[in-house]
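Multiple structures follow.
Look for chain A in each of the two complexes below; its partner is chain B in the first and chain C in the second.
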Partner chain A sequence: MDLTRVLQIIFTGLIIGGIYALIAVGLNLIYGTMRLLNIAHGELIMVGAYVTYWLYMLYGVSPLLSMVLVVGLSAIIGLLVCFFIFLPIIRSSKSITVLESNSLLVFFGLSFIFTNVASLLWTADIRGYSYMTRVIHIAGVPLMYNRLLALGVALFVCLACYFLLQKTMLGKAIRALIQDREASQLVGINANFIYLISFCAAFGMAGLAGCLLSMFYEITPFMGLPYTIIAFIVIVLGGLGNILGSLLGGFLLGLLETIGVSVTSPGLRPILSYSVFILIILIRPKGIFGRGVY
Partner chain B sequence: MKNKTAIVFLSFIVAVGFVCLPMSQASAKDAITMGFSISLTGMYAAQAAGQMDAYQLWEETVNNRGGIHVKKYGKKLPVKLVYYDDKSQAETAVRVYEKLITEDKVDVVLSPATTGIHFAVAPMAEKYKVPIVGSTAASVKLRDIKTEYFWFITACVPDRQMEALVDLLKHLKIKNIAIIYAQELFPRENLQFLDPYVKEAGFNVLLRKDYPMGAKDLTTLLSEVKAKNPEAVIALCYVPGSFTMTTQAQEVGLNPKLFFQLIGPAAVPFGPKFGPAAEGLTTMGHWSPKGKWPGARDFHDSYVAKFNKKPDYLNSTLAYASCQIVEQTIEKVGSLDWKKMRDYIAAHEFQTINGPMKFSGTENTRTPSMILQWQKGELEIIWPESTATAKPLYPKPAWP
Partner chain C sequence: MGKERRLIGAIGLILLFLCLLPLMASDYHVSVFLDLMMWIALTESWIILSGYTGYISLGHSAFFGLGAYLMAITWTHIPYGLGVILAGLLSTAFAFAIGFPFLRVRGPYFVILTLGLTEFTKFLFINLEIKLGGTVGRILMMTPGLHTLYYSILVVTAIATITAYFVKNSRFGTGLFSIKEDEDAANAMGINTSLYKWLAFGISASFPGMVGAILALRRSYIDPYTVFSPIVSFQVIVMAFVGGLEDVEGAVVGAVILTLISEALWARYPYTYMIILGIVMIFIVKFMPLGLVFPIKRRILMRRKGKDR
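Our next item is the complex of A and B:
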């Protein structure tokens, strides 16, 4: 295997991993702060993809600009969903177990509603557009601009998210809440505010991922579910509630898949991902990086 | 708390239920009710969309003519579609047909979407002795269905389709090929017939590899193909795989002289998405608006006018043609008697937008398998020469 091929595999792994990380960090943010497992996470990706698609097709809005619009829109959806559905549920739930099971059902329902509304509004037709499809060679490896862009944006957002959590007051408050809900409220952290912020950020990131994915994959109302599943694998891999863990976990899974596939057969990809998933649950149930708050 | 959970859950079930509920209700008099199950949601929804549109276009076209003349009633009766979403689930589709036949008591039934659901529904034809003219189903195993009440019309049957493809390759004097295929039912069935034809033709198979359904990255596979430098790449894929490989073949610079993709290039969004990059790609299919068949161009134009998009050259055409067979049968038989309809369908030739069709057993053997190719923004039939609308564009031009 020559060097170009190796580099290509690594690049591909990073691109896929970047998207995985972007999706998983959002999912983990909601889980970490609120103990809510967002099964509808992938559906926001779908919404983001459709919004980008329609803006581009109908009004010629550049997907680069759409990134900003989509993040804003998804964040607003997150805000509304959190405020009108989840804050009331959190208030009325007497224990974490009840909260987890209730929210699971609600997210399940939301996921159905999102997909079905999307297929009613836009039909189930597969859609797609071409944008930034020029090919550039980096160290001899051919790459399309749009995928390079996806890697760049995903990396930037994940790192920004990490530094936000590490360095700012808001980030510290979020981490405190992840660590201990009651104690953090005792020291004056406004939990509801943090919940809203987490929802906005998580939905925004999912929407952004959708926007990026729409540039190179096909768009359907049902495109979200596989990504939700991947995000679950990643957060289990990186540790539930561990944001940095999801970031690294995303890249790790992306690389693992690409390398695994290229040395064996593409047919083994799902087996690889799920084997990792099961292995982690058996050997390190708290994830490679543990459940701590880093 | 249990209560609360239950309430939340139930309310969502209800909400979801509303979305998925039947879209229309059966009404009785002065119309021919045509019942069918269709995948409006679920994994086959994208494929079923073109079929649903074709049914609606046919309903509108027939009703604009005043309906179908039924001798028994001495007048033209308008057509009314009655349908339910099967959520892409075969067992739901079976229940839908039970309901259509026993509760709604529809006059005629039309076919559902996709091969798997056709298989599930075919026994209904035998059970209720109701004729079902299949549409969007393609499998050699459809020939084995033991009923006198079910037929299928596509010419994309894997054995005949792969034979046509290999004939084209021989005609183009291609020697070195690479085969990549999705680990899925239909691609695998095609592969099973492709292999012996390839062996018989004496081609060199430089690479033969699979990839899973839903694979989002094929760059490593495609660069492996590129390294072997085959003249022809035969990709046995579905629509998502086709989209992914068309994008990523450009990325890795794989540009064989002939690039065949089983399913995808004929899908409606393919042309708009890839534009000039589609030029020269080949795929399976046996229809083009340029085909010399009565009504082909009209169907294309009225479809575009109604839905503001092109019809699916496979699914929409097949669905529409299956309706035409039912229509011509009712007119000739002069009643809605299922037994008489069955006898007529089994024995006669029909004129459709896809040319003449006639059944031997369950299969329409009158329509030959063909190969389509993108040329100047239009899908042309390039093989066989008897039905071709254009000459093959060979070698495929470079990516734009």
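Our next item is the complex of A and C:
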């Protein structure tokens, strides 16, 4: 195997890993702060992808501009879902077990609704468009602009998220809530406000991921679930509630998949990632970077 | 005593009706009841683990698919009934094999682990099929008639319901409920919770295996995408939640309601059906988190107590 091929694999792995990280950080934020497992996370990716697609096809809106619009739209959806559905459920659930199973059911419900409304509106046809397909050579490896853009944006947003969590007062409050819900409320952190913020941020990131993915992957109403599962794998890999872990886990899984596929065959990619997932959860359920931030 | 006799009488009547149905009804109605009983069997078996212990499993699809594939592979080589029993045994064996490590993880971990399991088996079968046969999907020839399938589903459903009932009302069932209440406390009280969960997982897994085997013949075409579809698990969960997670009757009620809705909508408006399913799920959680059956049962119980006084 020559060097160019190796570099090619690494670049592909990083690009797909960046997207994974972006999706997983959002999912982990909701899990960390609220202990809710968002099964409908991938559906926001689908919505983001469709919105970008239609804006581009119908009105010629550049996907670069759509990124901003999609993030705004997804964040609003997140706000509404959190305010009207989850805050009441959190208030009415007596125990954490009840909350877990109830929220799971609601997320399933949301996932069904999103997927099937999309199928009704836009049919189940596979769609796609091409944007920024110019090829650039980096160290002899041909790469498309749109993928580099995706990597750049994903990396930027994940790191921004990480630094916001580490350096700002709001971030500190979120981390406190992740560590200990009751204690953080005792010191005056408004949990409901943090929940709303987490939902907005997580949904916004998922929408953004959809926008980025739409530039080089096909769009269908059912594209969400596989990404949701991928995001689960990543957050388990990096540790539930551990945001930096998700970021690293995303890249790790992206690289693992790409390397694995290149030595076997593309059909084995899902098997590979699920094996990693099952192994991690069985051997080290706290995640490989898990500091046990529960 | 009189109440119990009446209950047994009612169950006997229902069973008699279901036994006689194929003699009177059209093929369409028989197949509707076949679907209905299939969902009842799946839901009853699901609550044995997930309803009683609170370990929400999305693994039913995996066992369903395994059963379907066992039947597809052995069909025309071994007798039909034997195939169904083997499918059940295979699913149980698989559940027992993975049970101990899988049931060590709790809460959301278990949910996504079982979802991962379903997807893993799906892609495993896709790859195996391509490698061995070159194509994905199998056509089953000379499948048994509708009535044979109907009666076999009836038997499986009856056994599933009876099992769910007896497990709930046994020492074993009480142990399972204690896991839901507080697993650590149950352990401390001397209940071998890992053994209990493991057994419940195995019992619960056998029924989707058998149902999957029968359904493979009913559809006469299977491929990994449809038999390992997580939708099977999702539907079962909705049915269980609609009826009430801990009730044997609840599973029946949930399955009946959703099968009726699905019968009316699924064929012509599949998307609308799924949207309604989604709305029902959110509605249930928001307005009747205990399901439909439990509040009614509680009211009857309260009234009876009032009379005694």
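To be clear about the criterion, the second predicted complex is superposed on the first by the 290 of 294 C-alpha atoms of A that agree within 3 Å, B and C clash if a C-alpha of one lies under 4 Å from a C-alpha of the other, contacts with A are read in each partner's own complex, and residues count from 1 in each chain.
Just so we're on the same page, a residue touches a chain if its C-beta (ideal position, glycine included) is under 8 Å from a C-beta of that chain, and two chains touch if they have at least 3 such contacts.
All values derive from a computational prediction rather than experimental measurement.
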Partner chain in contact with A:222 - chain B first, chain C second, else both or neither: first
Partner chain in contact with A:282 - chain B first, chain C second, else both or neither: second
Touching partner for A:108 - first (chain B), second (chain C), both, neither: both
Partner chain(s) touched by A:193 [first = chain B, second = chain C, both, neither]: neither
Touched partner set for A:98, first chain B, second chain C, both or neither: both
First (chain B), second (chain C), both or neither touched by A:37: second
First (chain B), second (chain C), both or neither touched by A:120: both
Contacts of A:163 with chain B and chain C, given as first, second, both or neither: neither
Residues of chain A at both interfaces, chain B in one complex, chain C in the other: 89, 92, 98, 101-102, 105-106, 108-109, 112-113, 115-117, 119-120, 267-268, 270
Of chain A, residues touching chain C in the complex: 31, 35, 37, 85, 88-89, 92, 97-98, 100-106, 108-113, 115-117, 119-120, 225, 229, 232-233, 236, 240, 267-268, 270-271, 274-275, 277-278, 281-282, 285
Interfacial residue positions of chain A with respect to chain B in the complex: 5, 8-9, 12, 15-16, 89, 92-94, 98, 101-102, 105-106, 108-109, 112-113, 115-117, 119-120, 123-130, 133, 135, 142-144, 147, 216-218, 220-222, 226, 258, 261-262, 265-270
Complex contacts: residues of chain C adjacent to chain A: 54, 56, 101-102, 104-105, 107-109, 111-113, 115-117, 119-120, 123-124, 126-127, 130, 180, 230, 234, 237-238, 241, 245, 270-272, 274-275, 277-282, 284-286, 289
Residues of chain B that touch chain A when the two form their complex: 1, 4-5, 8-9, 11-13, 15-16, 19-20, 39-43, 45-46, 48-50, 183, 209-212, 214-221, 223, 239-240, 243-244, 247, 250-253, 267-269, 272-275, 277, 309
